[in-house]
Every structure is written in structure tokens, then in C-alpha cells.
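Labels run A, B and C following the written order; every chain starts at residue 1.
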Amino acid sequence: MPEQTTKQLKNYKKDFLSGLLRTMLLIRRFEENASKMYGLKKIGGFLHLYIGEEAVAVGAISAVDLKRDYVFAAYRDHGHAIACGADPNVLMAELYAKIDGCSRGKGGSMHMFDAEKHMMGGNGIVGAHIPVAAGCALKIKYKKEDGVVLCFFGDGAIHQGSFHETLNMASILKLPIVFICENNQYGMGTYYERVSSVHDFSVMGGSYGIPGKQVDGMDVLAVYEAVKEAAERARKERIPGLLEIKTYRYRGHSMSDPAKYRTKEELDSYKKQDPILILKEELTAGGLLDDKTYKQWDDACKKQVKNAVDFAEQSKEPPLETLYEDVLIE
Amino acid sequence: MPKITFREALRQAMDEEMARDEDVILLGEEVALYNGAYKVSKGLYEKYGESRVIDTPITEEGFTGIGIGAAVAGLRPIVEWMTLNFSIQALDQVINNAAKMLYMSGGQLSVPIVFRGPNGPAEYLSSQHSQALQTIYTHIPGLKVVSPATPYDAKGLLKSAIRDNNPVVFMEAEMMYSWEGEVPEGEYLIPLGKADVKRQGKDVSVVTYAKPLRVVQEAARRLAGQGIELEIIDLRTLRPLDTQTVFASVQKTNRCVVVDEAWPVCGMASYVGYLVAHHCFDDLDAPVETVTGEDVPMPYNHTLELAVQPSVEKVINAVKKVMYL
Amino acid sequence: MAEFIRMTALSPTMDEGTVQKWNVGVNDTISTGDVICEVETDKANMDYEAEDEGVLLEILVEEGGSARVGDPIAIIGEKGEDISALKQQAKQQSEAESEKQAASAAGQADKAAAGGEAAGEAAAGTGRGQKPAPAQAAPQEAGQPQPVPGAASRETAAGTTGAAATVPPQGTVSGGGKPVTTRERIKISPLANRIAAQNRINIAAVRGSGPGGRIIKRDIEKIILGQTQAGTTAPITGAGGISDMETPVSQKRAVIARRLAQSKFSAPHYYLTVEVLMDELLASRELMGQDDPQGKLALNTFLIKLAAEAIKKHPLVNATWLGDKILTHGSIDIGLAVDHEDGLVVPVVRNCGARGMREIDTDLRALIVKAREGKLSLVDMEGATFTISNLGSFGIDRFTAIINPPGSAILAVGKINKRPWVNRENTIEIKQVCALTLSCDHRVLDGAAGARFLAGLKNIIEQPLRALL
């Protein structure tokens, strides 16, 4: 158990800590159910599961204030949406392509949006949302607001032209944005070291004068602290930040990926670092949690997800006319 | 009424809209200190400052995406592409983000942005710098596409485009920037999606837009001398297309020629031609004729370059063909 | 490539021509402009100038033979070419043609009226819910829109209502076999096709000046202009300063002229008159009108219904002469002649035997409105099995009318005059008297038959309840 974190446990409110754990649990149960429903053909197309990475979204987003801050994610976005406080009912309904989905059935897994909670969406094109996130930061700066933008993307996106162009401009324009690379080590089926000239991504901001840091993504509090630091610096000093948060996904890239590119041993070793279990043990060790309470929370999450599934099942298909809605604002 | 250039008309439009709404900002290469590669944004930096008129590095994908992000977040940016040729690098942002954000988010996020710049061939610029790309943008649902041919239309349409809550691709032309025309001094807007009958005539409906308008007008002058009266319809907006004006004209003249600078394959001319053939079938005395750019990359040699583009002769020949002369 | 030389419209109104004389023979070389034969048309003998060059390979219509406009009369090509396929085509086509002609009304005095009109009438006859007679012609006819009886420009059986640029085949063999098309596709612009249809112009007879022989608007306009003659309405000033006036004959007038001339000169007309006491009818009409929120029914409505009732008892009045048989129609469709500035029109009220006066009145009023606005359709005006013409409002006491085909009788109604009348008691009363004159086609209705009907009609009008007997 990372020593750093044990010391810091005292610095946090109990509610805050339990909130982190419960949100990670909710994401975990949600993703597991989504996977199950996909297998039952209730969900089709893409489904990129966040299982194993929960600490990143939860730790990061709990470090910001969504009333003034914004979140942009890529296609592995369910965790970010839930961490932003989006209603699991509405997210599951979107996966089910129903009219009550967050995007009225028109988006799907990769396009989770909750504008009110400043969850500015997932995006299906690798790296395409990175400049868009910076544009949102431009608005904050222009309007002299005190917000910050968190822009999440993966190790597969960090070599995209859009990443480099954006970091350059974010630096020139002094935009309040934190670029968060969730390095789960595999860009689809390719181990990141094979396709990266530099293996420490945190230095890649250096070409643009942007400070970078590597973070242990299985430790939710480490994530929280790192993002908080970078976010406040961006907010106050208008200096963008780059974080490489090292994490791991327990499932394949998507539902069609058998993930043969890694060994069982590797997977098992990371499962031992399950961020949920890590925090659970920390809290238990710190006397803030017992198994019974944990089980209650877990059951509550399972129930909440079951409700979401029921909600999605009962929700209606979008009527045919909606095909033509939301193409343009009339 | 004062006569101003196309360039000045655009500048006035941006100036007026920036004065009217402080959410309007301009970003692009050379738009600020250089006063614009084609001087369209001249004086705006001095007037509105560096927070509103932003020089970007040469990163079309990046700054186009940033513009889209600013729009999504609530501003009303104008993104200037030095030429539409360079916009190809930003296509992913326009097509996958700008055009689809409203739809993908179920109506939650809108993109009130204008992408603008010169489109089509100029002179001696060769193939990579002479492309007329309206076909590509007009193809995409979720975008609006505007292509004016006069200073009057340019100003009124650009103002409307800036006020439109949807992503608008606004196409100008290097060769048109110095064209002059009468523009009223007061405030006026031209709605998107309305074509304009630039000349009334009884014999042939010639449908066109952008730079070829002058070629068509010259053809009309010459043909009038032979007793042939063209009706010229300037589409002005390509998406959404004002088909009613076109159909009403063809129902009157029974003959149609479509003139379009872009390449012929799957282009605007073929689409408008299909619409006319389909909706005005019983009114046509001859098949629809099209005059388009030649199906080749643009050559450097100027004579060849002119041969690639619609010309007065080509238009006259097409008119005579539909009149069986 | 060998191809047909076809009979061409040597005058705008020509339907058919008779080859009088061939000036070339088989294996002669023909150049464009050569007068290859002389053709007798509806108007005069005309020179047929060749349009093509080549060698005459076959004569399909000999001297004295007729062909309709568009039909092949010869084959031209290169010397020695194999034309067996073309010959076969022509043979099949002409066989079908002659069957069709046999099915149509015989006894036509005017050859020019043959072909289209006869076929049209046959169609009108066969299409009226009865079994079609000769197998060959009928299905082809039945598949086409019902022609207006005697319509002038239904030149070819192909029917040019403008729907398709493709003219349906002439020589279609039916009865289970696959249709064999003998006609080439006619190329025509949609606009020209539409204008041609509106003006009842036979496109098969038009030579197109567009690419590939496409018929274009200009070609049709020329014809219309030609048909309306030189278009001079300028008065020709005579010596005494009094001018003559030439008015071009409109399509409509030409049609009326042709139809009625044809009726008059082919059906042997005779005329029967009765004087009918209208008092009862008029009184009933008034009485009924008082109770009726919509006011009085039209007098013509009464006449139509009562005539229909009389026809029920004398069905032969509702028949058509078909040459080798008489077709008695099931439905009593009565036309009423309506005056229109452009010319007479006869809208038809359908099924008068089965419907009440209220329905008939409503239909009639609607049709008259349409007639006044010039909006009657072909369907509104075709197939009157009996017609009534009422000139009473013009002050005409009595008159004889011309039968309106496909009917065999027409009732002319005169003015209702107050007359002194000797009644049963041999005293004189003032009565309202109307002269009805029935024109009959003697081929269908002998004098006695006509007389019985007219007497019966008089009885029903004078005492309408008699209709219930």
C-alpha cells in the first residue's frame, strides 16, 4: 500500500473518501452490467469498458468543480460521465439506444453528453476532441471566468497531430486546461512502447513548455492530488498541464477484443492493484469502513445499476421522426 | 449607394457583428497583425485587440478544433482558413465534430461557428492551391454552406452566417475580393437558403453561384444580342438549397443549364441537374446541360488553367444546345 | 441497315392515306427528295417525297392499298439485305390492324374517318362492361384510356394522352401471346409530349427536329400553328369597303365539325315529334321545390330522369350500332347539350336509371359549372348513350337535333308555350305545351320502336306516376 496515501487519508473528509469509493463502485457495476447486456444483444456497436481505470476519472473529476469546470473525454467515457454525476438511468438508456438516453438514442456508447453537468462528451475519433477541449478553455479565458478544462485521452491519442497542435496553442494562448493521458498501456492491441519514441509521456508537454507529471492511476487519491495541483495551476496561472496517469484496463479494448496481446499473469498482477480494493483496504485500515458497510454500498450500486437497466428496458425507441431532429438548429 | 469591394463587404460584416456581439471572435493564420492574408480582416485587430482577433500557428486541424470548442462552450467564433485548400487538413474537425455535435449530443451542444476563406481557382496557383471544394462540404448534413458572388450578397450573408446557430462554411474567392458592387450603408441581412434571380429572362434558366456568375452574366449580354434571353439564378446558399426558385424558373423557360466551377463528378451541377430533371420533368424541352470545371487537377500553365474553368463560350454553347440552335 | 418507309402525315389532319401510284419499284435506288409514290389523303392527292436514301427492297402497301399514318408502306435498305424480320413484323402488324378494323363500325362513307375514330368507337363500345368482340384488337383498346366518341385526333389506336413517350404498339397480338411491338420508340421531350397531348396531336406523325429525331416543343408548335392555318384574322377588304373575316378553326370546332358531320352522314336519321302537356310536371316541380331547402330541381333534371325511366321500358333506345351487331348498354348515361362560347359541349350524367333526381340534379349542376368554366374532362363528356338538347330557353319552339354518338337517339326539347288545347270534354283549355322531337338512327330503331318510346315518354312526362307502372 502506497505510504503516501496512508498518511494523506487523514487530510480528507470521510464523506469525500466514501464518495470516491462509491463512485468507483458504481462505475464498476455499471460497466459490468453494460458488458452483460451487450452479450445479450441489448447493446450494439461499440462498447469500451472502463473496468480497472475507475480511479482516474473519479480521482480527477472530484478535484474540480463542475459548476465552473468542464470535462472532455474520448470514447471510453462511461466512467467520466458517471463521475460527473450523470444519471446512470439516462446513460444506460443511451446504450440501449432509447429515446430517454442522454443523446436521445442518437449517440451511443462513445457519445455520452451531459451539458448541464459540463460533461462535454465522449468522442469517437482518436484525438479529435483535444482541440475542442482547448477551445472551451479559450472561452473561459476570453470570458475571464475562473474555470478549468480537464481533457482525457488515451495513450493511443497522444501521437495524434491534434494533440501536438493543441498543446502548442494552449501554451501560446495560456489556456486553463489540464491534458490527462490515461495510459492503460495498450492502444487497442498495441503496447504503447512499441509505437512511442518516448516512453515517458509526461515529458511530451516539454516541447510546448507545458509541465508534465506521471501519476499512479490505480491510486485514486494520488490521481486526485495530481489533478488538483495541475487544475489549480491552470486555473490561477493559466498554465496548461499534462498528466500521464498510468492505469490498466481489465477487459479488452472493446467487446470484440479478446486481448490476446497480454498475458494472464500481467492481467492478474494488475487485478491485485484494483483501485477499488486498494481504497477499500485503505479505508478499512484507517477505520473508516467495514465489510458490512462496504457490502451495503456495493448492493446499493448494484441496485442502482439494475434500476438503470430496467429504466432502459422500459424506455421507448425513438420515433422515426427524430431521425431528422437535431441536425441543424432551425 | 456606395460601391465597395467584396473584400470590404466581408470586413464590414465581421466588424459590425463583432461590435454587436462580444462573443464573436476571429481566429486564423495572419488575421491579426498581418491584417489578413487577403486583407479581409484589416483593422480588426487594432479595433478589437488580441483577445478577440487571434493569430494562430499553421495548424488547421488544431485551430479549427479550438474554434469548434469555443463555439460548443458558448462563443461565436469565426475561423478563417487562408484558403479552402488548407481546410482539408481540418476536415475531421468540421465533419466529425462541428457537423455532428448537435446530433450526437441529442441537441445538448450546438456549434455556432463560421468557417470562411477563399475557395476555387485564382491564377497560376497550380493544383494544390486551386481547388473548389464546395461539393465536399455541401455533402455533409449538419453544416450550412454559403457561396456569394457579389459584395451585397457577401455582406448580408456573412452577417447572417455569424448570427446562425449552426456551423456555416462560408466560401469566398481570391479573384472576387476586388470585385465592386453597391452595398447599402445601413444594417441589412440576407437570409441563408434563398437564391437570387440576378437576371430575368424567358428562354433558358441558368443556375450558378460564386465566381462563374460574371461569366454567365457576360454570356447573357452576348446572347441578348442574338435575341436569346437568359434567366440567371444565383444560388447564393448551397446547403440548404433553394430549389423552389430554380423550379419556378425552369417551369417558365423549359430549359436549364447549371454552371459550377468545381469538378463534375458528384458535384453541385449534377445534383441540381438531377433535381431539375426530376421535379421539372414534364416542363423540360431538352435535357439539363451542365458547365463545370474539367475533371483534372489544375495545371500551372495559364492557358490550360483557363481551359479548365467555365467560360463564356462554354456557357453560350450549353445554352444553344438546350435551345436546339 | 434496312428500315421501314412509313406513311407520313402529308396534311395535319390526315389519319390515313391510300397509295395511288408507286413511282419506283423494287431494287430501284432512291435519293432524298424523290417522289416515290402518290398518296390520296383526306384532302387531296399528295406527292410522297423520300426522306431516306437507299434501295427500295420491298413494297408493303400496293397501289390502291391504304395505310394509317405511321404504318410501314415499304422497306428501304442496301441491295441484297435480308429483310425477312422486317417483313414479318409488318405482316403481323397489318394482320392485327385488319382484325381491329373489322371490329369497328362499318359503313363509313369517309375513309379519312376510318382508323382512329372507328377504333375509338369500337373501344367505346367494347369498354362498356361488355365482353370484347374480336380478341386481337380489344385488349389493346381496353388498355387505353376511353376515347371521346368521335374524337378527331385520336388518330392512332395508340392514344396520345401524353403519359408516355413510348407509343403502345399498333400490331399487338393478344390472347395469351407476348405482345410484338412493331413501332419504334418515339423520342420526344417531356414538354413537347405534354403540349402534344393537350392539343390532341398525334406524335407518331411528327417528325422531330431535335437530336436523334427527338420531337421538341418547336415541332409541336409548328403543327399547332399550321392547324390554326396561317393565323390571319385580318379582314380582307373587299371592293365596297366591306371586309370578309377569316377565323382559324380551333381544335374544338374541328372536332365538333367532324363528329357531327360523321354522325349525320353515317346514321340514317328520321324524326318523330310529340306535343307534351307540361302542366303536371311543372306543378310537381314547384311543389317539390317549396319543401326543398335547396330550391327547385332543374327542369332538365326531370327530363333526364323521366327519359331514363322511359328508356328502361324501351332499351333499344339506349343502344349503339356496331355494324355486325347492336350493343344495348346496361347503364343509361344521358348527355345534356350545353352551350359554351367555344362550342357545344355535352357533359354526361351517369347511370340515370338507377339514381334519383336529387343525385342527378347535383351531378348535373356540377357538370354545368365545369362546362361554363371550360373544365370538363374527357371522362365527363364521353359515352353518352342518350342525349337531350334543350333549346327552349333560346325561344325555339321545336327543332331536330343530330344524334350524338355513341347513342342512337337524341331528344330535342323546345320552348314551353301556353297554347289553347282541346281536352277530353271537347272544350278548350290553356295548357303549357312543349314540343319534343326525337331523332333516331334507323339502323337501330325502326319507326315503330322510336314512336313507342316517344309516346311512352310523353305519357310519363304528363303523368309521372306512370313511370312506376
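Following the convention adopted for this analysis, a residue touches a chain if its C-beta (ideal position, glycine included) is under 8 Å from a C-beta of that chain, and two chains touch if they have at least 3 such contacts.
No experiment lies behind these values; they were computed from the predicted model shown.
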(message) If you tally contacting C-beta pairs for every chain pair, which pair wins?
(response) A-B
(request) Taking all protein C-alpha atoms shown, work out their mean, then name the chain whose own C-alpha mean is nearest to it. (result) B
(message) Could you work out how far the Cα centre of chain B sits from that of chain C, in whole Å?
(response) 58
(message) Can you work out the whole-Å distance between the CA centroids of chain A and chain C?
(response) 83
(request) Averaged over CA atoms, how far is the centre of chain A from the centre of chain B? Could you give it in whole Å? (result) 41
(message) Which residues of chain A touch chain B once you look at their complex with the stated criterion?
(response) 70, 101-107, 111, 113-115, 120-121, 123-125, 128-143, 161-162, 164-166, 168-169, 172-173, 325-329
(request) Within their complex, state which residues of chain B touch chain C. (result) 254, 281-286, 324
(message) Looking at the complex, which residues from chain C come into contact with chain B?
(response) 189-194, 209-211, 216-218
(message) Under the stated contact criterion, what part of chain B meets chain A in this complex?
(response) 25, 51-52, 54, 56-57, 59, 61-75, 77, 92-93, 96-97, 101-110, 141-142, 144, 165-166
